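Please go over the structures that come below.
Across the two complexes that follow, chain A remains constant while its partner is chain B and subsequently chain C.
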Partner chain A sequence: MKNNTNVFIKNRGILIFFAVMLLAPFLIGLLEGSSPAVILNNRGSMSKFLEGLGIEIFILAMFALSYDLLFGITGLLSFGHSMFFAVAAYLTGIALKTMHLPFWQVVLLVLLVAVIQALLFSLVLPRVKGVTFTLVSLGLASVFHIIVMSSDMINLTGADVGLQGVPVPAFISPVSERLRFYVIALSLLVATFLFYRRFVASPTGRVCVAIRENEGRAKMLGYNTTLFKIVVMVISSLTASIAGLLHALYQPIISPGVADLGYTVMGLLIVLVGGVGTLSGAIVGAFALRLLDFTLRRYIGESAAIITGAIYVIFVLFVPYGIIGTMNLRQFKTKQGWQRLLGLLKPKE
Partner chain B sequence: MTVRDTIIETQDLTKYFGAMVAVDGVSIKIQAGTLHAIIGPNGAGKTTFFNLLSGNLKPTSGKVFYKGVDLTGKPIHRMIHLGMGRSFQITNIFPNLTVHENIRLASQAMENMNFRLLLDTAKMDRCEQRTAEVIERVGLKNQSYLPARVLSHGDQRKLELGMILAPDPELLLLDEPTAGMATDQVPELITLIQDVQKSGTKTVILVEHNMNVVMSVSDRITVMHQGKVIAEGTPAEIAANHEVQTAYLGGLYDLNL
Partner chain C sequence: MKTTLRKNSKAIIILVVIAAFLFVAARGMSGKDVIITVLRGFSIGSVTFLVAAGFSLIFGLLDVLNLSQGTLYMIGAYVGWTVYVRPDTFVDVLTPILLILAGFSLSSLWERFAKRIQLGAKPQKIAAWVMILVGFGLLALILTRYPIASWDLNNYSQSPITYSYMADQGMPIIPAEAVFQKISPFVAVIGILVTSSLSAFSIALLNSGTATTETANWRKYFVPGVLVLVGVLALVFNARITSWMYGMNSNWLFVIAILVSVISGVGLGALMETTLIRPLYSRPIYQLMLTLGLGTIGVQIVQAVWGRPEFVLPKPALFTGTGGVCPATNLADLFENHCSTILLLGGRVRVYDEIFIPIVGIIVLIVVWILLKRSRIGMIIRAGVQDRQMVEALGINVRRVFTLVFALGVGLAAFGGALAAPSSGLTPMMGEKLLLSALIALAIGGLTSFPGAALGSLLVGLIQQFMIKYGQIGIPLPFTDAVFKPSPPLVPASTVLLMVIVLLILPGGLLGTKE
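Right after this comes the complex of A and B.
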């Protein structure tokens, strides 16, 4: 086993990603004939549009990363993960719009609430396992979804219309300071990724992997597994909440859609497409999913969903370990994929 | 033989599964530094008794004392920190992790570094050193970086023993360590268990079906039948015991003495 101790060599993939993404707006600017100065002033139309798409992907990737830590690393399948994201998004919106709090207080509040939510989950963690945990988490998130959607809350949350008109602080306005917003979102994503990488290699992270593999054995080895699950829950919730905060600042409307099961499932799909438990798969998957969705919608329209669905099915059959997972294994077997497909079509005796 | 301290003691230990009694009022004392075997026909309650000792099951009534401390109701993850390690009848390892990682996780449990979120495990020198020692000891050095699932059954049993040895426990509870092993691999593992017990003055409690093994390695033997202890003594005493012979012959077990 080779042990590269150099931090830069060990993380070269993500550092190259960071550099490329930083340069991308300027390169696109050059292609459409605007100088770097124009880009810095947020006046290049094509690059500004693509920066926006980039921000959406970075936010999605952060959300998916937090899901991969929970599901891919620790083996906790939560169907309530969108709650962390949505609570942060709505809290940001309400704190800025209704409570008129200064921005730094909003950030602190969001982080604090993230920890409280994670601890709420940790009440049920030692009591329920496997599918039961999945359903309980779905229940918790559904309660929040119902509250957000209720017409009694229309003044606060905008109910089914969504929360609109959030006053975003001028220095990170997604309209006039989009490049800055883009760089902040990118940096947060890269920082989170680097932290997660370290975490997985740390004693705590190794125990989380052990919990995924065989929780009973981890207990017998002397680990209080519940404690480790709570730690992971808190980290995951904090990450998803930061993503939710960025989402609330970036999007003109915070839709109640971010609070429902669909949003959690999207995180799950991103992780599955990218590669479960690989971390980098969350970033790759977010790019793949968002760009696929964007392209199909642009050329086909709303009915694109059926094609997206078909692509997912083909993906699960032919690339079951996800993009990064398959790359790591260095095996892509088309034959097995066909066999799985035929197995699906063949009627059961 | 000198008089030694009692390391583990049970008082009237009873476990019911519904209306069926699996362990019925067992009171035994096991001396520190001995290799103590528990034998009995299938269904005698040996594994249940083990699960009560290690805390995997809670007794219906009765108590377990480890070095004079009442263990009843203590969570399982505390046991290893008290100096107790146990293996399972069915191999219980982390199949998708490497041999090295399996053992490393077992030794990491004893370090007070479990919540250092940014520490690189490769830099935990003491833990790495201990891992290398244990891997060497159980003879899996050449398979260190293979996933545990690809090992042969015999090697997986060795790996499991390694996972128990890594935290250096005083008391080892081994539930049929040779179960399912190829006959030619059994002596190797038994020698290993004896070595460990002798060199470290450890106590080993062993559940075993292989009578040749039991008779040759044990200091003392407890015989269980239908949840009760029917005899206890040295291997010679047990072999001569009439009641033991009846229990085995009455059951469907071939006591190949």
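Right after this comes the complex of A and C.
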């Protein structure tokens, strides 16, 4: 019993997040003046729009989480991470549009391909280390990007226009059943996060952290580091693929931009803003960046990318631990500050 | 015999690899096609080499993967275009930049003053930040009022495309001069100087706790003095310099354009290293991310200033002759008429793209090679690549060498950009593409090896061009009548595949050292 409460207390942050996010559409609906029933029928305009934004953020956060596991926890700097995401997105699109597979088969296929891809990267892993691995992953991903963009594949992938007109199964259609989609995406994100939390705390996860800190030493202690890296690669690839699948279902167009280096860099940026190796930083970073980008684009337009780039540089130079990392460092001081504040409010005995 | 083999093992490897490649690739092609394709490969290879060489020097000595190298290549091209097509803009911009540099180069003098000011830690910090804000704010205010003759991205007849098209046709548009209206020249000059030195002073005040003491000598005042003098002269004789540059022989103007872009590359490199890269030497991953971020910002800035559409840098007169005996069949005709093309084995070869660029590439290769092998600074760089701590322990100021190498590497990239601009055209995407080729070339040749950069770039260039050529003529498959035509996407994909294969067999690259 005691153990059970501990689990809830340990994860109270994410559980509160889950509850707030579940209630958010209804609260926004109330602000807008429509009753919960209207929201349940997907008819509130403002809340529906914000649900869409939320879904985008959840997908991004999942992608960033998988990148954080790979880069922040295990220390593998891959520049080909967007490939996992893009392969899953395109595969979903093609399987639904061209091959007319039933939905559960599509999901199975995507997961299977995710594992195969991770194993493909794992062929490379024992041979190359550090910067060379970064370059090889970049190379593999850019081959996929080139294939997607090639005019030979235009019937399947839509080349540089993107894959359009994917028939989404009616029960999670983002147009008519957006609230359901929103809840599914949110639950997947929370489940992934809880799983990652558990994974990092497990003995396997501790070895992964050891690999990041000093691979030679981990090897000397008798761990087969390559095996651990492969495990992380598979988990990360599966998560990124689920995110890609959701992306393909949600977005009307799957643009080839998701296979680009730029998409990996965005994942990196999210992880960096949130805090490298903190896991919760990925979610915070996704919220911060997507909302910032959304507002900037609304008011400034295209040149918003300059500001995003500047934020990136500022974070690298001045906030290297990211939002969550810096908060964790200051937590002790903050706790002291709160106690001092409470002490002032408390009547003296 | 054995020792000669071992001593020249690298050269032998290079020759064998290239010969094997040519032997395999050139079968089934006519002599005309082979020579054109090889020359084009050399041309692409040379440009890639200029970027890759800088990259490998920087990575070898500093351990910094400078992913903004592609962006700096692009900036070099755009700066070259500005000097060549719009000298008036260049002359206008020159004055404020020199004055700002003069203001900031006084910072070592300010540091001495700042040391004497003792306000206590917190007030000093607040005062410094307030002064930084005031300084930069006023500077921005003055600079927005400073008149600079420019182009208009929204107006097609005044866009960069039109200017370069007209210059290419030999009828350059000479735009109206920008005149001082919102601000008087005297106020502008003094204002820029004062505000920039105020900012420099406040930055020195921020750092005064950690500043090193250096004795002031006449050189400290000499550099800013010269900068101010040149800046003011450029302002006073603005109209005269502009008209002189417009009337100038286009060959010399092109040389000036390349020089300016190299200098701006060197300056940008030195600025980046001293301000942004230096604080991060203890955090290598962050350096990589920083250069990546700087690269994206650079692309956005270029898009904002020069616009998205593609345009070309017109070739100088030396390479544009037509009619008469052109295309030239021998060298005498070529030099006499400045032909744009020459006939080699019955194939038309463009002189600038396929002969001039490779020659420049080879010259740069030799010059940098001699610099590395024969000069004292080259010796320090090579020693630093091998063992940085040891060099430091021997009492050499490695920091200064770091700045120098970074500036040199970026300068090489900018040079490559200005050189390639007439043949490849200018787009904000040009850097990204080339950075990928340069990375592949380096991975093939060996990341820290200078000859490896040359070999890898050459291989990448040749493979790309041969794939393009085969895309046109097709490869007859053995035992069948079918003809395989590689489609354009296979061109970059083939080099990437080669890189992956090479790295899997030799993780250090062809000429890289073993880890």
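As a convention for this text, the second predicted complex is superposed on the first by the 325 of 349 C-alpha atoms of A that agree within 3 Å, B and C clash if a C-alpha of one lies under 4 Å from a C-alpha of the other, contacts with A are read in each partner's own complex, and residues count from 1 in each chain.
Here, contacts are C-beta pairs under 8 Å (C-beta built on N, C-alpha and C of every residue); 3 or more make two chains touch, one makes a residue touch a chain.
In this text, all values refer to a predicted model and were calculated from it rather than measured experimentally.
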item: Combined model on chain A: chain C and chain B, fit or clash; value: fit
item: Contacts of A:G301 with chain B and chain C, given as first, second, both or neither; value: neither
item: Partner chain(s) touched by A:L268 [first = chain B, second = chain C, both, neither]; value: second
item: Which of chain B and chain C A:P320 touches, first, second, both or neither; value: second
item: Chain B versus chain C as contact partner of A:A310, first or second or both or neither; value: second
item: Dominant toucher of chain A (residue count), chain B or chain C; value: C
item: First (chain B), second (chain C), both or neither touched by A:S151; value: second
item: Which superposed partner A:L140 touches (first chain B, second chain C, both, neither); value: second
item: Smallest separation in angstrom, by C-alpha atoms, between chain B and chain C in the superposition; value: 12
item: Common interface positions of chain A, toward chain B and toward chain C; value: none
item: In the complex with chain B, residue positions of chain A that touch it; value: 1, 3, 195, 198-199, 201-207, 209-210, 213-214, 216-225, 228, 231
item: List of chain B residues in touch with chain A within their complex; value: 54, 56, 75-81, 86, 92-97, 100-101, 104-106, 108-111, 113-122, 124, 145, 163, 167
item: Of chain A, residues touching chain C in the complex; value: 77, 124, 127-129, 131-132, 134-136, 138-140, 142-143, 146-147, 149-152, 265, 268-269, 272, 303, 305-306, 308-310, 312-313, 316-317, 320
item: Contacting residues of chain C [partner chain A, same complex]; value: 65, 276, 279-280, 283, 285-286, 288-290, 292-294, 296-297, 300-301, 304, 436, 439-440, 443, 447, 487-490, 492-493, 496-497, 499-500, 503-504, 507, 515
